[in-house]
Structure formats: structure tokens, C-alpha cells
Amino acid sequence: MVAIPVPAARPTLIQRLDGAAIFYVFALPFAALTIVMGLWPIALSIQTSFTESFTALSPEPTFVGLENYREIFADPQFIRSINLTLLYTVLSVALNLTVALAYALFLNSPLLGRAAMIFKLCVFLPVITPDLAGYIVWKWMYNTDFGAINAGLNALGLPDFAGTSSQSTAMISLLIAELWYHVGFYVIIFLANLAMIDKSLIEAARMDATPPWRMFTRIILPQLRPAIMINSVYALIQFLKTFTVVVVITKGGPAGSTNFVSYHAYQMFDQAQYGKAAAMASTLFAGVMVLAFFVYWLNQRADWR
Amino acid sequence: MASLRRLKKLILAGTASSMIAASPAIAEELVVWHDLGDNGIAWFEALNELYQAENPDVTITSVSFPTDQWFGKVIAALNTNTAPDLIYNNYERVIRIENQTDKVADLSDLLAAQGDLPFLTESDKGVAMYDGKMIILPIQRVQMAFGARKSWLEAVGEDMPQTWDDVMRVAKKFQTEDPDGNGADDTFGMALQAARPRDLIHMLDLYTFGAGLRHTLIDPDGNIVIDQPEHKAVLTEFLKSFTDYGLVSPDTVNHSFGEMYQLIEGGRAGMFRVGDWNVKKWDGEDVLGGDFVIGEWPSHGDSENAVVIGGMRGVAVPENSPNKDIAMDFAAFMLSAEAQKASLENVGAAVRGDFDIEGFSERRLYFAKPEHDLNAYDFPESVHAFYPELEAEYHRVLLDAIVNPPDDWASFIDETAEAMRAKATELAG
Amino acid sequence: MRPNPVVKAAMIALASFISLLFVFPYLWMIAASFRDTEAILTAPLRLWPESFSLKAYRDILVLSGEPLSTYLINSLLITGASTVFTVLTSLMGAYALTRAPHLPGFGLLRVGFLLVIMYPYMLLVLPVYLVMFQLGLLGTTIGIILFLSVGPIQFFLFEQFFKSIPREVIEAARMDNASEMKILMRIVAPMSMPVVMTVILITVLLNWAQWFPVLVISRSTDTYTLPVALLSLNSELGVNFQGIMALATLTTLPVIIVYLLTQRRVMEGMISGAVKG
């Protein structure tokens, strides 16, 4: 093909930029945002974790090496908050994934027919509404004085639920509220995966009169591996960082029983303990990365059959 | 269309305010950050009008944040030189700001320049000092009385409680005799708060100072006082209010201001703290409609009962205030009779009363023209820099005991006293 | 095997009950905003208000000295503008990074982006205060909008879509000597319309819900959005429970309506974004 030369046409700016340069132009706004709103604050935060809190925001901060890290790990409150966070994360991931899988299998049943769409809609509804509003409603529903939860339990003839007022039930209360908020997401991921399952394998197994449990563990579960991996990584990151629900419902209480790392660090920051807060943030960051990669790796290598 | 115009204005305002931030000197707008809500905003609007009569070029704008946001914002702003012109809050909160920023200006000279101010007592001024600096000008004395629902007392045939024994008896009746007559078993004797350190210890302060004692946890010499007999008695009653007596909602361990007010304003609690700033709202039709009586805190044994001065609210000027001189001038103006009157009218508290007050309810007059005994909080945080941490530890221990009550309160208090001594020594060292 | 009608009815009943549990908080919230305190205290479970009192809505017409419309306009403005920025930047960024992944610096950019989304979000927001301060954007709507414009799920959705475009389509265009700009505008953009719509929707829903960055970057109530106003309703000065429920309703309802109108697209978008991430 012969290009017809256009007389005296000077190449436009865009033409001159063509080739590699234009890709840099495309990527520039994205790169600028990522650097300015992401990497820069992270770098600042990591730098702050090595400085003395009182000078952290001054033009010439005093660097104290690992002192902040040493202090936070010597603080029993922080250790407790790590343990609480881990416990909460494990429980949440297990609960959300189990409930999501069970409900997805249930919704996947052909017996539900077209109504399944409406049920899907309901379970997914909390995921897209503002979390703050949802948790504020839960907070009041848990209220032992006039909340709907105890009224409901009483109506069913069940004993009162202490909800967020007791150390032993506060974490469970948050688990339930967060389950309500997040589980819809995991359900639709499972449903999407179930829709792609190889039906012929199931038919074949049915012909062999495979018992249902065996069918589930041997035929269905292995094929759900992608969804399980996505959900577990997501849930892990999600629950390690649990924050809004604590701010709204328990403020870390009662008696520190829901004082998770992110909230603990946030409070430190609010009290101008910038060095310690940043050290906690970096610790949590490292934890999230390590665990996320670990789960990813586990899922990659696990023998599912 | 109107909303579109507003949208445009907002975008422009966004850019304009960023320009102002870059060159603060040209703006003669003073910004005050406080946590007094709508009443406070109305008060500063009134002050703006009064102040503009003399200073037509200056505009006063106030922003109200919820208390915890106020802390975070002020500390961050002072530390990054993005401070507002003035900050306004309770004295002990300004101490915390000073503690963590070291950027609150000394107002001693400003106060001295005002000449003789007979309405400020030596103790008022003493309270405003911290670390050799006068960090606030005292603008409002914060009085906190004991309140009870008037119609409830009538319903159960009782008078305003005078002693803790009375409180116990009345509370039982409030809980069991359906004092609001709605046929539901849904009332509590008292409303308290306990979630965060200041919530719980502040309630204990009221019990303690209301009973005429002088210190809650630690005295100025650094001695832990909680196992002294009269303190021990008050502390035991206080803890039992949550546990053995069950005077409060079981949810209280999780309650902060908000939840406590929900119980009071929702008509679920019979006895409660009444701050001078609460009365205006609670006199209102749709809240309590004035259906409450206020008085001194109940006494314990033969102790003196009193209304507690829970502190001073005052105005402070950050060292890095963008318009420091005007800010100082406005701070001093807040002590003038007209400004003080506006304070009493809008927020319910002031430090001077040398002006006419018309149309005030009986309950508002109670605070405006005090004729009762007053016992002022001792402000341990102004003597012991480590106090907030000690208090946080104390809060943890007490809350643990409320959640898992010990068998023997006396020995629990003895052990706690020892633990606090050890902690205080550690923190002081 | 024929479906047993009894089993089918039981399953539908069970699914309906579970669905009700998920929707209940919203119904309770809406009901509570219309009921008076006394009524809520005596019958907490009731979902149909005995009377439709608009008092709570009147009470929140002015919040912290700002008219409710300020918060609403801020919400709309911030959500709208940050959506435009997020979609444009992540669209162009993802396009560049998929078309030319081996250009120097692009690999690094991708790793950097992954780091950012791994960082605990609420702890990232705190140093952002300092960044905003140094940029002179503290307390401005623009600062909030820019921070909200970093979107992981959006990037992944676009990246995944661009990877699915057959190479031949673009190669053919290149053979015709079309410029990269032309390829993007004439060939890729029209194909991307459905995915762009999905991303816009998801971004609107996500950014409407944002509260923490707005709270941290703001220096006055002037820049607060509806969720932040909702958080600030709990103050030392007393709580208006019905007001909170009314504001929660106003904050949630627009989103629910958008979601109900576009459900399929939202769900599918979320799935593909997650599958990639």
C-alpha cells in the first residue's frame, strides 16, 4: 500500500508522539495518581515508622531506627490486638467461605428456577451499599435495650443475646454484621464458578450412583478451586484490615475485646503517636502481603483430588 | 437550576479555599474549631455579629466536629502548620493538644492586659495553667449536676435523692414500677457511660467530687488514693452500680456520650448527669420537655454533696494560627459581658453573670446563678503529664472488673491500688 | 427425576427467609426513620410504621450548621468527578500497560500499583493528610476527588478486557497505518463501551460509600459527604436516633435504586474484576 504524500502537512503532535511515546502519555495520569496518592504516602508512612513521634511531622524528624517497632512489640496491648486480629480473620474467612459456598450451592439448584435471581439480588445488596450506613443500622439493632435482635429472639422464645455489650459476644456480633455485609460477594463468585462446572462429570457420577457427599468432595469441590482461591485471598485481605465495623459499632471495646490492629493503629495516630502508628501500619502491611502470598501459594500447590 | 449554580459555586469555592490556604495573610476570616454542635455554631454566629460592630473587616467562622474528630484534626493541623485561628474546648482536652504538639500559645500576657477581671477566681486561672503556660482563656465553667425525671419521682412517690442509699432505693423503683407508665419493663435506674477511658473515669469523677472528695485516682503529690476508706466506699458503690445493683443498662460498658444520651433522651433512664450545656435541649418539647429536676450529687455517708465543676471550657490560640494577633484580640473579646451573655444564652454556661438573664427556665437558672455547693475537679493531667496513660490503664482494670465482677470488691480495690502505684512509678520514671 | 413440588416450595420458602434476613436491616432502617421514639421502644420489630412522620427528615435539614443539600451536592460532585477521573486514568493506564507491557518503567508501575492496593487502606489515608498538605490540597474537594481516583478493581477490569481483544484486530489496524490514538479512539473505544459502562457503575457505587478519606482530608464540614455527615451525627451533644436512620436512608436509597436498575451489570462487573485481581 502506498501512502499518498500530503503536501506541506506537518505531523501533528499526536503523530509525532506515536509509537512508544504515546503509551507513556496514556500511562502518565495513571502513574501520577499511583505515585502521588499511593506510593508517596506509603513511603512517608514507612519513613515515619523510623522517627520519633514528636518530631515526625516536623521538617527535620529525629530518626530512631527500630525503636518504634521495638516498643510496639513490647506493648502487650498491641500483641493482644494482633492475636485478636488473627483470630477474627481466621473465624471470618472460615465462616464467610462456608456460608457462601453452602448458600451458592443452594441457590444454584435448578429447583429455584427464575426466583434464584431475586435471592441473588438480596444477598448481594449489602455489598454495594455504603458500609457505614449498614453498620450504623446494625449497631442499633444490637442495642440490648430496644434493638430488633433481642426483640426478635424474645419473640421466638430464645434468650437475650448480649451483643456488643459483653466481651464474650462482641466479636461474634461483628462477625455476624460483617458476614451480612460481605458474604454476598463470595456467594456470587461461587455462583459464577458453579455455572462453569463441567456438567458431564456430574452426570457420569450420578450414573455411578455416587453418594452426595462423595460427589461434593470429589467432583464439585475440585472444580471450584478458582473461586475458593479468589475468595480466600480476598477474604483474608478483607478481614485482616477490618476497620469500619469497629469504628462504628464497638470502638475496640468492650475492654479491648475487638481492638484490632487497624483500629489500634488509627487510635495511635489520632493521639499523635505517629511513629508507633506507622510502625503498626507497616507491620500490618507486611502481614497482609505475606499471608496473601501464602494463601495464593497454598492454593496453587494444593492437591485437590 | 439553583442546584447547578450552587455546584459551580462549590467548585470555585474549592479552588478559592486552596488559594487562601496558600496565602493566609490576606484573609481576615478567623476560623474556630470546636465540638459544641449547633448550639456552638449559633453562639459563634452571635459573637461574629457582636465582634463585627467593632471590627467590620473580620469574619468569624466556626466549625463543629464530633469530639474525637476534633482531637485528631487539631493535633494533625497544629503539627503540620495548618492550624485554624482558634480552638475551643474543655481545658483537659487542650492540655492533651499542648502535650502532643507543644504549639498552644501562652495567653498569660493577654489575660494580664485585660486588667482586673473579678469574675475569674484564682482557681479558674490556676486551672488554665499548664507547664507554666496559660493555655486557655477560661470562657465557660462546666457545671455538672445530678438529674432525675420529675414525673418518675412522682410516679414512685419519692423525692430527689440526697444520698446514695436514696439513689439505690429510687433506682430499684424506677426499674420495677414502670415509672413512665407505658406498660413495658424497659426503664433503667441510671444512665452512665463506660466505653472509653474518659467516659468511665469521668463518671467516677462525678461520683467522687459530688461526694465532696478532692481526687479520683491520684493526688498532686503522686499518691494513689483509691484505697483510702472514703474513696474506697465511693468506688465500691460506683462499680456496683454496674454489677451487683444493676442500676444501668447492661449495654453501658459499650456506651459513650451518644448512647448515654440516647437512653436519657429516649426516656429510658431515671437518673443521670445533667451538664449545663444539656439543659437548653432537654427543656425542649420533643426531648424531655423540661420533665426533670436537678440538684447536687448524692452524698455518701456524712460527706458533703456538691455540683461538680467538671472543668473549664476555654479558647486557645495555636502558635501557628494564621492570624494570630486578631485571634488573640477575639479571644479576649470572648470575656466581654456581651459575649458572655451570648455564651449563656446559646450554650448554657459562662464565667460571668453580671448581666440580666430573662426568660430562663428554673433549670437553666440553677446553673446561671449558682447557689449550691460547687466542688471543682482537680485536673490531675495538669500536674502529672502521664495521667492520661495512667487513667487508660485504670479504665482497663475497672472495665475488666465490671465485665467479670470479682467476689470481693475490697480486695480488688486494694490490688488495683497497688497495681496503679506500680504503673504510676513506671510512667513517672 | 421430576422435581418434587413440596421440596421446591420448601426451598423457595427457605431462600425467601434468608433473603429477608439480608434485606431486614434496610427495612428496619427505613421504618425507624418514620416512627417516633416511643413506638420504636415498644415494638422494635415492627416494619410498617404506624404513622409516617417526617419529623426526622425535617430535623436533619441542617446538620452542623450546613444545609443537608451541601452534603448531598458534595456527595454527587465527589462521586461524579472521581468516577470520571478513575475511569479515564485506569482506562488509559490499563490500555498502555496491556498494549506495551515491556516498555521500560511499566513493569515497575504495575508492581507499584499492586503495592498500593495491598496497603491497609485506612492506614494509607493517614499519611495522605501530609501529602495533601504538601500539595496545598488539604480541605479541598479536588484533593478528595484525586485521592478517590485510584481504583484497583477498575484497573483490573479494563486490563482483563484489553487482554481479551484479539491481537489481530489491532495488528490489522496498524497495517493500515492508523496511529495509536486512532486505534484507541476508533477501534478499541467502541468495543469497550459495555465494559466502560460497567466500570462507571461500580465506581459510582464504591465512591459514594467512601467516608474515611473524606473525613481525613476535610478541614471543615464544607467538604463532608453524606456518609461522613452520618458518622458525625453521633456527638457529645446527644443523639437523634430517628435522624440517624433518616440520614442513613438518604445515604443508602440512591445506591439501592441504581443497583436495582442495573443489577446484572454490577454483579458481573464485580465478578470479572475480582477474578482478575
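For clarity, chains are labelled A, B and C in written order, and residue numbers in each chain start from 1.
The criterion applied here is as follows: a residue touches a chain if its C-beta (ideal position, glycine included) is under 8 Å from a C-beta of that chain, and two chains touch if they have at least 3 such contacts.
These numbers come from a predicted model, not from an experiment.
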item	value
Most distant chain from chain C by Cα centroid	B
Result of counting contacting C-beta pairs for A-C and A-B, higher pair	A-C
Length of the line joining the C-alpha centres of chain B and chain C, rounded to whole Å	38
For chain A paired with chain B, centre-to-centre distance based on mean C-alpha positions, whole Å	38
Euclidean distance of C-alpha centroids - chain A vs chain C, Å	15
Multi-partner residues of chain B (at least 2 other chains)	76, 80, 186, 259, 266, 268
In chain C, residues with contacts to at least two other chains	41, 130, 231, 241
Shared interface positions of chain A, touching two or more other chains	57, 146, 269
Of all residues in chain A, those that touch chain B in their complex	54, 57-58, 143-146, 162-167, 170, 250-251, 253-256, 269-272
Residue ranges of chain A touching chain C (in the complex, touch as defined)	1, 3, 14-15, 18-20, 22-24, 26-27, 29-31, 33-42, 44-45, 48, 57, 103, 106-107, 109-112, 115-116, 118-134, 136-138, 140-141, 146-148, 150-152, 155, 180, 184-185, 188-189, 192, 226, 230, 234, 237, 240-241, 243-244, 247-248, 262, 265-266, 269, 277-278, 280-281, 284-285, 288-289, 292
Chain B-touching residues of chain C, taken from the complex the two chains share	37-38, 41-42, 55, 62, 64-65, 69, 73-74, 76-77, 129-130, 133, 136-143, 215, 219-223, 231-232, 234-239, 241
Chain B residues within the chain A interface of the complex	68, 71-72, 75-76, 79-80, 100-102, 186, 188, 195-196, 249-254, 256, 259, 263, 266, 268, 396, 399-400, 403-404
Interface residues, chain C side, partner chain A - complex	3, 7-8, 11-12, 14-16, 18-26, 28-29, 32, 40-41, 43-45, 85, 88-90, 92-97, 99-100, 103, 106, 109, 112-113, 115-116, 118-124, 126-128, 130-131, 135, 146-147, 149-150, 155, 176-177, 179-181, 184, 205, 208-209, 211-212, 227, 230-231, 241, 244-245, 248, 251-252, 255-256, 259-260, 263, 266-267, 270-271, 274-275, 277
